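Some structures to go through are shown next.
The two complexes that follow have subunit A in common; it is paired with subunit B in the first and with subunit C in the second.
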Partner chain A sequence: MKKFVLIVASLVLVFSTFVTVVGQGYTKEPADAKIITLGVAGTAYASLHPGVRGGTFYASSISGPKKWNDVTAHETSTTMCTGMMLRGLTTLNPITLAIEPELAKSWDVSKDGLTITFHLRQGIKWSDGQPFTADDVIFTYNDLYLNKDVKTDTRDVLQLPDKSFPVVTKVDDYTVKVTTAVVFRPILASLAANILPKHALAQDVHKLNPKVPAGNFNTTWGLSTPPSELVGMGPYIVSSYTPDQNIVMVRNPYYYHYDSNGTQLPYFDKYVILIVASQDVSLLKFQNGELDALGIRATDVPILMPQAARKHYNVLVKPDVPNYGTTWVGINQDIGLKEGTHTDLRALFRNLAFRKAIAYSIDKQTIIKNLFNGLGVPQWSPVSYLSPFFAGRDSYGGPVTEKDAVIFPYDLKKAASLLDSIGIVDTNGDGWRDYKDGKTVEITLTTNSGNTLREGECLIISNDLRKIGLKVTFTPVAFNTLVNQLFSSTGEMILLGLTGGPEPNNGANVYRSSGGLHFWHYSGKTDPTEVEKQVDQLLKEGVSTLDNNKAFAIYKKYQLLLASQDLGLVYLVNGSFTYAYYDKVGNAGVSSPVSTPSANGGITDICYFK
Partner chain B sequence: MKLSGLRALVVVACAVALLSVLGLGYTVSNLETIASNELIPEISAAAGMALASSYASTMTAAALEDMAVNGRTIGLRTAASGALAILYRTKTEDELTAIITGTADPMIRAAAINSMVIYLVSTKSDKKDFKLTDYLKGLATTGKTHEMRLAAAEAYYFANRGKLKAADLEAQAAKSDSDELAYAAGETLAGFYLSFDAKTQAQLEDLAINGKTKGMRVAGSIALASLLIKSDKTANDFETTLLSIAGTKTAAYRNAYKIALAERFGS
Partner chain C sequence: MISYAIRRTLYMLPLLLIISLFSFALLQLMPGNYVSRMKMNPQFDQKTIQAMEEYYGLDKPFMTQYWFWIRGIVLRGNFGISFATGLPVFYTLFMGDRLLWTLIISLTTMLFTWLSAIPIGIYSATHQYKLSDHTFTFFGFLGLSIPNFFFALVLLWILVAGFDVGKYGLGVGGLFDNRFIGTPWTLAKVGNLLWHIWPAWLVIGTSGMAGLMRYMRGNLLDTLALPYVRTARSKGLTEHVVVYKHAVRNAINPLVSMLGMSLPGLVSGSLVAAIILNLPTVERAFWTALLDQDQYVIMGGILFFTLFLLIGNLLADFLLAAVDPRIRYD
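Now for the complex of A and B:
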């Protein structure tokens, strides 16, 4: 399960540089090792090649992690590291996108679909050499994800339609039973949530160790934790972290993935993430050979092409493959609620006509043409274009026809007329629209500084809004400031992005009125709007059927409702998949929106240096 | 004295680099032989380009700086300059600025360009109304040295890349506020000729030879080099072409073959 996380990063607060102590590794391949069938005909990996071990791979991140605690993390700057360190019971195959066994080697589902018995891999170990057992799974679910003392978005995606949660019980050391009170279609996807080591963390959980204060786990595995104390089951573990400079990860000697030749994965000895505060600088560093691969933007393609052949790198451009995830302008309907300020602005933001006016003011085609070099599609739904549940399809997994798409075509006249209709007009002739009391409507539009694409989008949007008399000021701010604004409901209009995936329920932490990332209307948790109530209901219904076709129909309603009647998030544009990597990185050509060598997702550990 | 010191270092370079270059069919020793022969400057320089990474790992900055200035041929000077560009990646902004605007030989100043671009793109200022692109454009026109102006020009087009299309770049490559801006516009334009506004090899060859301005010829040349590298032509083919066009056509056209040959040599 990949819960939606904000594509954000933050400034590093605490300095820590330590060296990790790791075990020696397996003496022989564990019987229950997971075999990645590279080059084996008839498998998902047939077109790939077994590699050789060695070398240091260099990737970059716009910011360092905020913590090492995957359970409480919201942001990709953290999860890109923790995702390397940890694994779940299940996972998405990076090539086929099918759910497949991960820490579980298999499972049985009861006839009524309410009980799943997971058979865990035996003989595999944590990075410190301790055995992995059912106790780790029980600990992770019962004492972390389902423990209300722990702040985690994962609980949102584990919640069942009847508001109960899966019951996770131990059968024996290598068997775990998961029971749900009602049918929960995405249960296998939700159980991809990372498993944490009980032996390393139990003492930090108040429920298990009353000597530590309530909520203690929320600050466990913070940046001040020496990396030597971090333990994982993933391909890499953190070796050192130097704030604002780099994160060095080393191969987990007990990783249980092996290739078809019997070589233990991952292939790289080290995986270094350089912290580069600007995407532009990352691009130049890639061109300079300082990074081995890089997620790029459409505007980077012409810059990279002239040297691609000479410097032996590839520029992957897939115009027909939009990236997963969403970008949007969030309109904060709770602005000033806690503080008792911004009464007029809050009322305006809560008016659907206003939010529609914003939607009509967004010139997606110009954004695509000018900022994406034509490589993008307009976005209107919270569900990713590539998902089989995307409402632009006519049926589950069918072709995208966009027949039912809720499009707000760029129409400034219509936007102006909507503002007129709610009494937001220029009363004093100064060119700016005013509230009914004559005070000018002033709005700040924010995004994270350094992201030139988002800054460009903000400029286009604010320019158009000013054309219709809305006094919008674009102010880029640092990531951590933006994140604070988001979680404290103090930002007015924010342009940002969310990760995405095939399963719509993984967005429950965002779109459910009580979701941990329902940041444009946190007060919906206690006082939901009628539309939010319907959205909550549809989210329930979508997971209550095992029939994907029925689920598709439900999620279609959900998407149409959010896009036409909620508009808490006004969607922008989804860029096509573009990626750059050096020829020397074997297996990198299989990169897709789901997985790339420079971002966690399954192919990181099968890439190698030729 | 300089020569003997240099020779000793080159021997070390051979021993280490043999391992890495042999696989491509060219040893450091082969390449040094080619780089040392300046009969066809482009062939000599291509070998120098291919030697750069080897020299960067085996020679000191001081030795390379000496070689960049006093190397006997353009090939050896190119090798040293290219190697210095690799070593200069760890220099601070102040150190690079001192090199690129100083009185060092142009081959040394040129080595600072790539890394300088990274700093320039990241320039921040507390000045009210500071606009990065304006600053870079100004520096590309008034910078103290050609190399500084070129770094600023490259940074300018990099920072502006989302806003400029092929037509804009064509106009700027044809006529710009400085030679460096025109040149950098041509470099950026080449990317469009290889992607969104793709041109055929024949069109690029024509542009590299008959382009009306240096900027347009650069665009043709750089894009042409990419197509040549992707072709099935061998180093021998490229050498033959360079021999046949020696001193003719345009520098931009010959440069495309030089870059392609350097790639075949293992740069």
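Now for the complex of A and C:
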């Protein structure tokens, strides 16, 4: 019976058309509106143009949202929608990647660096016409993000190095104070976390309304919530969702961004996300004119290029703009430590010369040429190429010169001589290198099966290593098996990737000797190497200065140290950021309308139809 | 008859229970669980992941998890909650018109398959070993042997690259063009649905056509060789009457029981096509749950598909008995 009711309920849900109730909009531009200086010389947006309003923009996503609750969401299929509905105190400028004011119009940092006072924009409203005030900020931090009853990932992002959390207090209706126990430079970036409407959600939080059960907020704003109940501050608000088909978002009449001509943003009336389960079909839909822009793979570029002029679209390839994140071969220096096995292999993996030999054996150019259609850059640092802290730059946010880069050029001879130098030679003439006792060195290289790019990389790498006499076997395994191997320290050499962003401290959990993802040397937690001790220290210093130039110098040292002296992870290559868009989409040539190299939403609110 | 139906239905319960236990055990054998994927996110504290495992009960032993799940079903009719959406499993599986669309797509595809396979089977039998028989058989087997995903992709590619259908405002994949999704029903919308649904008929339908066609051909050939057909011919009846009035009626009987057997295929068996052709089906939701390791949604899906399979078998038995008087219920 229950099943029947559920079926009927779900049928009713779809047949009923939900129309979001939104307000009428501002009668005049609010005094505290955020002005996007499109076309204004000397600003980040100088090369863009003010546009005209109107039209429906079509984008695609591989899967649909799992809920409408931004606080408890884990997956990008959800946050791509909620991210468009909500805004935070601060934000990352999509062009310059610098932190800039968002819901806060400005802030002051106290001399000791422990207190930040945010001055909020006045006169701006939620999509239902209710005013935005400090109460929304206090509610979001104290009753949602920092409330243990709420399951949210954001709490981990807000946690300070001493395990405490920032204290958020209200000064007046438009002033909020954030105090930290220790100086923490990335706090301004962490405070970009989205602010939620108190008036719409307070009654669903157990802490504020004991009548609802504990944990109630975790299921608030689920997919069964009619979109008309959703309230936001962002450029668009969800108006309808048809599972497996599309998400329709409409312009928020109370969005507080205006262009330099005084036109309220966003320019598009509607933003529609088609849910297309296959990337190949998305590509066909783009070619067929059903999508206005699409993030594409390197392999799609030669398919799209020949038709570009005839069909009036552009394929934008930025070879020097790689995606965020890292791909690497992790060499597990704790292999067999717990079990008391693999003594020889462990000693070999712990030898820096061996890890350097591996680094010299990786043919990054061939990987880029064969697997990325030539669209990629070699990688050598734990910090993403686009980050202002990347050590290939001259200064904080300066040009990439790669002057001090620690690059291991592909050189099998050098790799072989390094192995010779540590006594790993072929003693019995069978073609494979042996340990000193004559036993053949056998290594398993693993990656997650089904990822053709990674499998291709593994084949190229294992092939080269076999050329220098290392008996390396490549065996792909299921992703979760691989994760288990990483966390239980049972994998030997593993090829995998990690997400990244502009902030180097986001990798602290990986590179700190006690980090939860320090999977190539977990024993570093109790018995750190000299290099690890230095890395820990640099990570600590990097967050405790508010001066970005000082932080840059610290992170530069940190990157050079990891790349030259640690090599627990040997980096591979990073694919270039590529996307395609139709000529009619204005402002799309500078940054992608649909996604950024960090896979976040693109600059949709400043694109327009010509 | 009624007592037979009741008895057969009651047999289903222990069967469902055993199948659910086996599926649950198989699920546990899969490496990792719902939270495994989050472990690789540098932003997550490992303690948060642990807390989440406890919250979802994933840290408990297999039998405990299974017992809690079964108890929930029996005592409260609660089949569990989806980890991903936080909503009941069947709501998550059937959300939108997934169930309705699945049935519409499958029923119309089945109709397409039968309406084309039966006449072709008859034609092939009456034109045995002629060029046309070989041609139909060739295309039938071609349809059977081309993998669905490949056929679907090629079909869409031909529409886009060959016919440039976008120029005429027509979309590919999905059930509707962008402008029709979520709008009230109109004649234009129905027309648009037809434009989008025929690739599904062709892709899913052709894979089942060859078998059915050959069945019909074989049965009819057997029947045509029987003495009563010779008698009919010698009475001077026209070939048309001999074939359609006398032979086909008997030859088609065994196929009727296949109708019941094809019931489970209505809700499953078109996954690949659903993904490439972007159709909103229950199976696609089930597949998403498998990828996410959304445990109870997977279990709900298995129960649902099993139920259809069992009902299909039951129906097949009834139909067979209905067309063949030699079969008795006891």
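As a convention for this text, the second predicted complex is superposed on the first by the 350 of 610 C-alpha atoms of A that agree within 3 Å, B and C clash if a C-alpha of one lies under 4 Å from a C-alpha of the other, contacts with A are read in each partner's own complex, and residues count from 1 in each chain.
Heads up, the rule we're going with is that a residue touches a chain if its C-beta (ideal position, glycine included) is under 8 Å from a C-beta of that chain, and two chains touch if they have at least 3 such contacts.
Values in this document were obtained by computation on a predicted structure and should not be read as measured data.
Asks: Applying the touch criterion given at the start, work out whether A:Ala478 contacts subunit B, subunit C, both or neither, answering first, second, both or neither.
Replies: Touch status of A:Ala478: second partner only.
Asks: Looking at A:Asp280, would you say it contacts subunit B, subunit C, both, or neither? Reply first, second, both or neither.
Replies: both
Asks: According to the stated criteria, A:Leu371 is in contact with first (subunit B), second (subunit C), both, or neither; which is it?
Replies: Touch partner of A:Leu371: subunit B, not subunit C.
Asks: Kindly classify A:Leu304 by the partners it touches after superposition: subunit B alone (first), subunit C alone (second), both, or neither?
Replies: It touches subunit B, and subunit C stays clear.
Asks: What is the contact status of A:Glu290 with respect to subunit B (first) and subunit C (second): first, second, both, or neither?
Replies: In the superposed model, A:Glu290 contacts both subunit B and subunit C.
Asks: With both structures superposed, pick whichever of subunit B and subunit C touches the larger number of subunit A residues.
Replies: Counting residues of subunit A touched by each partner, the higher count goes to C.
Asks: Counting only touches as set out at the top, which of subunit B and subunit C does A:Gly222 meet: first, second, both, neither?
Replies: A:Gly222 contacts subunit C only, not subunit B.
Asks: Would you sort A:Leu453 into first (subunit B), second (subunit C), both or neither based on which partner it touches?
Replies: A:Leu453: touches subunit B, not subunit C.
Asks: A:Asp536 in the overlay: touching subunit B, subunit C, both, or neither? Say first, second, both or neither.
Replies: A:Asp536: touches no partner chain.
Asks: After overlaying the two complexes on chain A, where does the subunit B footprint on subunit A coincide with the subunit C footprint?
Replies: On subunit A, the residues that contact subunit B in one structure and subunit C in the other are 278, 280-281, 284-285, 288, 290.
Asks: Over in the complex, which subunit C residues touch subunit A? Could you list them?
Replies: Interface residues on the subunit C side: 30-33, 36-46, 48, 52, 55, 77-79, 84-88, 90-91, 94-100, 153, 156-157, 159-161, 164-167, 171-178, 181-182, 184, 275-281, 284-285, 288, 293.
Asks: Quick one: which bits of subunit B touch subunit A in the complex? Just the residue numbers, please.
Replies: It is residues 89, 114-115, 117-118, 121-122, 158-159, 161-163, 187-188, 190-192, 194-196, 222-223, 225-227, 229-230, 259-260, 262-263, 267 of subunit B that touch subunit A.
Asks: In their complex, what parts of subunit A are in touch with subunit B?
Replies: Interface residues on the subunit A side: 278, 280-281, 283-285, 288, 290, 299-306, 308-310, 312, 315, 317, 370-371, 373-374, 452-453, 456.
Asks: Give every residue of subunit A touching subunit C within the complex, in rising order.
Replies: Within the complex, subunit A contacts subunit C at residues 1-3, 6-7, 9-11, 13-15, 17, 56, 58, 63, 66-67, 72, 74-75, 151, 153, 155-157, 159, 218-219, 222-224, 240, 242-246, 248, 272, 274-278, 280-281, 284-285, 287-290, 478-481, 483-484, 486-487, 496, 498-500, 506-510, 516-517.
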